[in-house]
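Two complexes come next, and they have one chain in common, chain A, joined by chain B in the first and chain C in the second.
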Partner chain A sequence: MSIATTFGLNLLQLAFVVGLAPLFSGIAGRWRENIQGKRGPSIWQPYRDLRKLFAKEDRRSESATWIARFAPYAVCLSPMLVTLLIPVLTDFPLFGAFAGDMLAAGFILGIGGFFLTLAAVDTGVPYGAMGASRTRMVGFLAEPVLIVILFAVSFVANSTIPYIVQQQWVHPPAHFFSPAHVLVLVAFFMLIIAETGRLPVDNPLGHFELAMIEESRVLDFSGRSFALLKWGSAMKMVVLAVVFVNVLFAPWGLATTPVLQALAQAIIAVFIKIVVLLAVLVVVETSFSKLRLFRIAEYLGGAFVVAVTAMIAAVLSP
Partner chain B sequence: MTWSLPVLGTAHFVPTPFGVFFSSLALIVAVPTALYSIAYLRRYAHEYSIGWFAFGYVLLLVAIVAVFCAADVVSFMIAWEVMTLASCALVAFEWRESRKVRAALLMLAMSELGALAALLAFLLAASPTHSLAFSTIAAHAAALSSTTRTWIVLLSFFGFGVKAGILPFNAWLPRAHPEAPANVSALLSGIILNLGVYGMLLVNLVLVPQDATLFGILAVTVGTLSAITGILYATIDDDLKRMLAFSSIENIGIVVAALGAGATFLSLHRLDLAALGFGAGLWHMGNHSFYKALLFLGAGAVDAAAATRRMNLLGGLAKAMPVTAACFLIGALAIAAIPPLNGFASEWLTLETLLRSAEVGPLAVKLGFVLAGALLALTAALAVTCFVKSYAMTFLGAPRSEAAQEVRRELSAAAGIGMALLAAACVLSGVFPAYMVQLVGSALPGVLHGRLAQALLPPFLSTHSNLPASFLRDFHSLGATIGAGLIPGRSLVLLHRGGTANPVVFAMSSTYLACFLLVLLVLIYVAVRLFAQRHAVREHVWAGGLHPLLPEMTYTATGFSNPVRVIFQAVFNPRTTENTREAVHENFRIAITRRREEVFVADRLATTPLAVATRATAGFLARMHHGRLEGYVLYALCALLIALLAIVR
Partner chain C sequence: MNAQAFIPEINALICGFFVLSAFAMVVVRQIGACLGVFIAQSLLLALSAFVLGASPFSWHLYAVGIVTLLSKVIVIPWLLRRFVPGEIYTLREISQSIDVPTALLIALALALVGFVLGTRLVTAAPLLATQNVIVGLASLLIGALVLAVRREAVPQMLGILAMENAAFLAGIAIAPDFPLIAELAIAFDVPLLAFIVAILTRAVYRRVGSTAVGELAALREHPQ
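Here is the complex of A and B:
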């Protein structure tokens, strides 16, 4: 394979994530309403929102510095960078895949969070700082879960490169049903809920500022900044979903050769896998109510225990 | 270099690669700090003698380099004592303020205790040889009994641990580091803590390298605990410089834990993994030197401009002090392990080293490393919280006091250059990890020398590489060999190779990450520029219908870190005093005064009990000072009689 092929394929992966991220959030939004017995907006609504926001003027707070202007770019940057490192469409590594493993990807997702949290304080609105403080609380409680999941993964696969990890769960097939694998999936699923601010941790549709966690950071953004923030958080969701379905859960359906047909099949397969995950997420989201703020520590504590059990299962399995 | 000293014999100073690595770190930190001092010291000029300061500063640097080059116990201890005295003198530079003098004396007392323990460790190590030269001690280390070795490990670990600022004897650190002038704090956190690490490694890796198991267990445990307690107290602290001091405890904790992981792998005879651990530790130590010095200088600039270090009273300084704000941001990004800066690179390597427990047999090592890894991950995430809070509450938002509002300008250009140089060091060490790894790898002593590069840097860029052809071909198509023949060095990628099932165990290249980040940023920026509405307006902040938003209505640093206080209450175990009586007015309770105080865990569990016990013993012994005179005469007579009898017989 030539450098040009791997480079081009990685651009395709990037295009898949960037291009379809709003669609996935549209599908999830529509289903969420459907389950509640409402008709819900069109699945294309996020694209219309983005177009509207990009056409609007950017209203900034008086006290804001360049941080508040830069943060939306950082929020978009970090999931895009992670996309370059993980298997979105192909099961062979692509250009630059060595630039970071799963642990590094965890740190990279922190770039956007760091700047957005700073920017929330930068606007000078009390709600922003409140959201910043609370998001950091969820953030630091989630981090040990991630590292223990990575320990479990490296006890099984002896590697943290996503392209190598994905091979391990299905070779031999017995690995797929091993307790370690199942528990890792549960823990990572709980982590996705916390990291993307969904119920029961946070309610992305809430309208009451005092009860908000993530959303209150972006209250004072508008126009193109807000559009970038929305797009960025949709991309982050897709990236986490891709890690879940392609690396940890079901590494099937990916292109094994760089031919057009295989790639087209992979795009469809990955799309379906993510949509199925979204369906599960939406069901979970609509069946729980929001936890009280300090109960989130217990939720993530639970995730931590699951991850530790997965790790012990991984150590003890032959 | 050899000096002959009266009475003590000759002092040998021999630069080794190991010592030179530490000394160069010291000098890289010291030069920008000196530049900064030109501007910073002006505020003291009318009250204190700058000449004495300069003398102490230079003496300290000379003593530090002498410690790193000392080749026998006597010259080491002399240089060590000069270093300790000079650093205490610099902490007490503002000697008219009793608080600063007390902090310096506490530091001196604890340092001397540590030095005594370290001296004992040296003497035990030298006991079979009757020579105090390091080379002779190392050559005869095999003759030591296992009990002696245990004592050497314990004494050297806790003795040098005092200087390194790890638990349990680090109560001096959060007192002394913030009280010193900022340029001295930068040296204390940036260089002096490294001396403790150097001492530990000198004894346990260079002089008595045989038994690494105990050192490994101790270092991983104590290092991890220091890291987590350090960052917890840093996160809730309101004082900008004390926060940085606590965070130094955290970082040295991470360093010591990484070294401990290395020692554990060494005791399991996995030299490649041991090199990873020691390399990660030393690299993180160097990175910590850069960003912590930078952050202390930034904090000093803030202190000089706003005359307060309390984050609750700061805010909004980024507009008046853009250079300080930018430099402090780079330091904060680095210490919060945000890619592609240096803190990320070395912390990533530390965690990867712990993940390598997958490759070794003992279950205890695996579970222990998972626990350490989880705690270090929590530490890393809390560090993000801590530095988001510090930067945001100091430089962003609305100013929360008049002092902060009236800040108009930077300290001076020289100070800006000093900070910018350190910021550049943070960026370079992060963006070019392969070169740093090579530097660190060549500094590792003994059996580990050169192994780090072997374990971490596949020679993608050299023309004659020993890599398997298929491996090289695969990575060629991924772009890892781009620039072969043009870019110096072995590789730009940190990559640990595995077996057939896992050809790559872990890999990272912050060089590439930085390039990708830049390219993507430019792409997004251009796209937004082309397609989005460019118009922007400035608006007042909505304040619930009130105008303007008062500073009291905004979030404070204390409020920001409150979730940490609530969740980790069991660790902080705060003393709460509530006063309701005064505030009762005509049967209505109108206000409650509640004071909450978190006492540092080392104070609570180590220093205070120790002080109480010492005082009680002294009180008990002091009783014999107040007896009857006849009694003392009788004692003297009896003693004389016994002595005479003993001699006559």
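Here is the complex of A and C:
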């Protein structure tokens, strides 16, 4: 396969994530309201929001430095970079496949979060700084979970490159049905909830500043910066969902050859898989209430214990 | 034929959820949720028995599954709901001797011990359903921890029953042809235990207004 083909396919994957990320968040938003018995906004609402925000003036506080200007781009770019490393649509490695492993993907996502945290302090809003410190708390509790999950996965697949993991980790049925697999899935699911700021860790729809975690960091952004932040967080959600469904849970339905028909099928299959994951997430989100702040440590501690057990089961499996 | 090849795999999947339920028993705070976890765990045990009993067809394993379903999924929860006062299930904070994160870390260490010992055991004597023994041993130790940590009557008893579940999970893999007398003994023994604990809890709750076993250390002549 020529480099041009794999590079082109990489760009197609990027277009899939960038283009459909607002749609996925729109679907989740609509279903969340539907479950509560309300009609909910259209699934295209995030696109309308983005168009409106891009047209508006970008106001920034007087005390803000270059960090506040740069952070939205970092938040938006980091999931795009990760997209180049993971199998979104294809079964075979692409141009960027060996540029970094899953740990690198985690760290690249962390860069976006890092700059957003700095920017939240930078703007000088007290709520921003509070949200920043809380996000760091969730972040440093979530990090060991991610790393231990990667350990468990790499003990089975002998690699942390997502494309190779995807081939090795679940394809033999004995791996798919092993206790380690169940435990890794549960731990990663809990991690997605914590990382994307969903209930029961954080309420993304809450408007009470004292209770906010993730959202309070973006209070002081407007116009184009705010649009980029929203788009970036939607993309981060899609990237994590893709890792969950394509690498860890159900690596079927991906294109095995770079043919147009196979790619079209893969797009539909991946779309359906992510939508199913969103449905589960929405049900979880609406059936739990928000945890108190210091209970989050317990929640992520639980995820950590599950991940370590997965690793033990993976290492000791006879 | 194809379905038969999948039996060990499905069983391993059930075992994965089983060890998860053992951890859930440590984490869950509300007594009602604790009971829910116990019901789920018993269901998994019954499922494992049914799946293992299907391949070399075994009436004994089916009997284990049906006895588990009847006694632990239906009778015990009904007894506990019927005789333990309803207010206890809605309490938000239940009494514990160690806080949840510490208990979780200890549970993790116990799970490690269980997995290591179980793997040794399985390699020493090869079995059909290896995961059952490993997961059963780990869950048994975690159940003992629940028993030690909880200081409320009902969760403590659920800890004993969780240990019993775990021992059964390992047992059906070691001895698929159980003597019927053991199954029947379990079927009558365990609901009786639940019944007695429920009645006692009810009586204690009426007199003292709480079922926190940890606070019943000193003997008192007259109730307050």
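Rule of thumb we're sticking to: the second predicted complex is superposed on the first by the 316 of 318 C-alpha atoms of A that agree within 3 Å, B and C clash if a C-alpha of one lies under 4 Å from a C-alpha of the other, contacts with A are read in each partner's own complex, and residues count from 1 in each chain.
Just so we're on the same page, a contact is a pair of C-beta atoms (placed from the backbone, for glycine too) under 8 Å apart; a residue touches a chain by one contact, two chains touch by 3 or more.
The structure displayed is predicted, hence computed values, not measured ones.
In the superposed model, A:Leu94 makes contact with chain B only, not with chain C. Contacts of A:Ile274 after superposition: neither chain B nor chain C is touched. Between chain B and chain C, B contacts the larger number of chain A residues.
By the touch criterion defined above, A:His181 reaches chain C but does not reach chain B. Of the two partner chains placed by the overlay, chain B and chain C both lie in contact with A:Ala297. When the two complexes are overlaid on their common chain A, residue A:Ala313 makes contact with chain C while staying clear of chain B. Of the two partner chains, chain C is the only one touched by A:Val305; chain B is not.
In the superposed model, A:Ala104 lies in contact with chain B only, and not with chain C.
Of the two partner chains, chain C is the only one that A:Pro173 touches; chain B does not reach it.
Residues 297, 308, 312 of chain A are contacted both by chain B in one complex and by chain C in the other.
On chain B, the positions that touch chain A within their shared complex are 316, 318-319, 325, 333, 336-339, 344, 347-348, 351-352, 355, 357-359, 363, 366-367, 369-370, 373-378, 380-382, 384-385, 388-389, 391-393, 395-398, 474-480, 482, 493, 495, 498, 501-509, 512-513, 516-517, 520-521, 524-525, 528, 531-533, 535-542, 549, 553-555, 559-564, 566-567. Contact residues on chain A toward chain C in their complex (touch as defined above): 173-174, 176-183, 186, 297-298, 301-302, 305-306, 308-309, 312-313, 316, 318.
Taken together, the chain A residues at the contact with chain B in this complex read 1-3, 5-7, 54-63, 65, 67, 73, 76-77, 80-81, 84, 93-101, 103-104, 107-108, 110-111, 113-114, 117-118, 121-126, 129-130, 132-134, 136-137, 139-144, 146-148, 150-151, 154-155, 157-161, 164, 168, 220, 223-224, 227-228, 293-294, 297, 304, 308, 311-312, 315. Contact residues of chain C toward chain A in the complex are 6, 8-10, 12-13, 15-17, 19-20, 23, 27, 100-101, 104-105, 107-108, 111-112, 115-116, 119, 122-123, 130-131, 134-135, 138.
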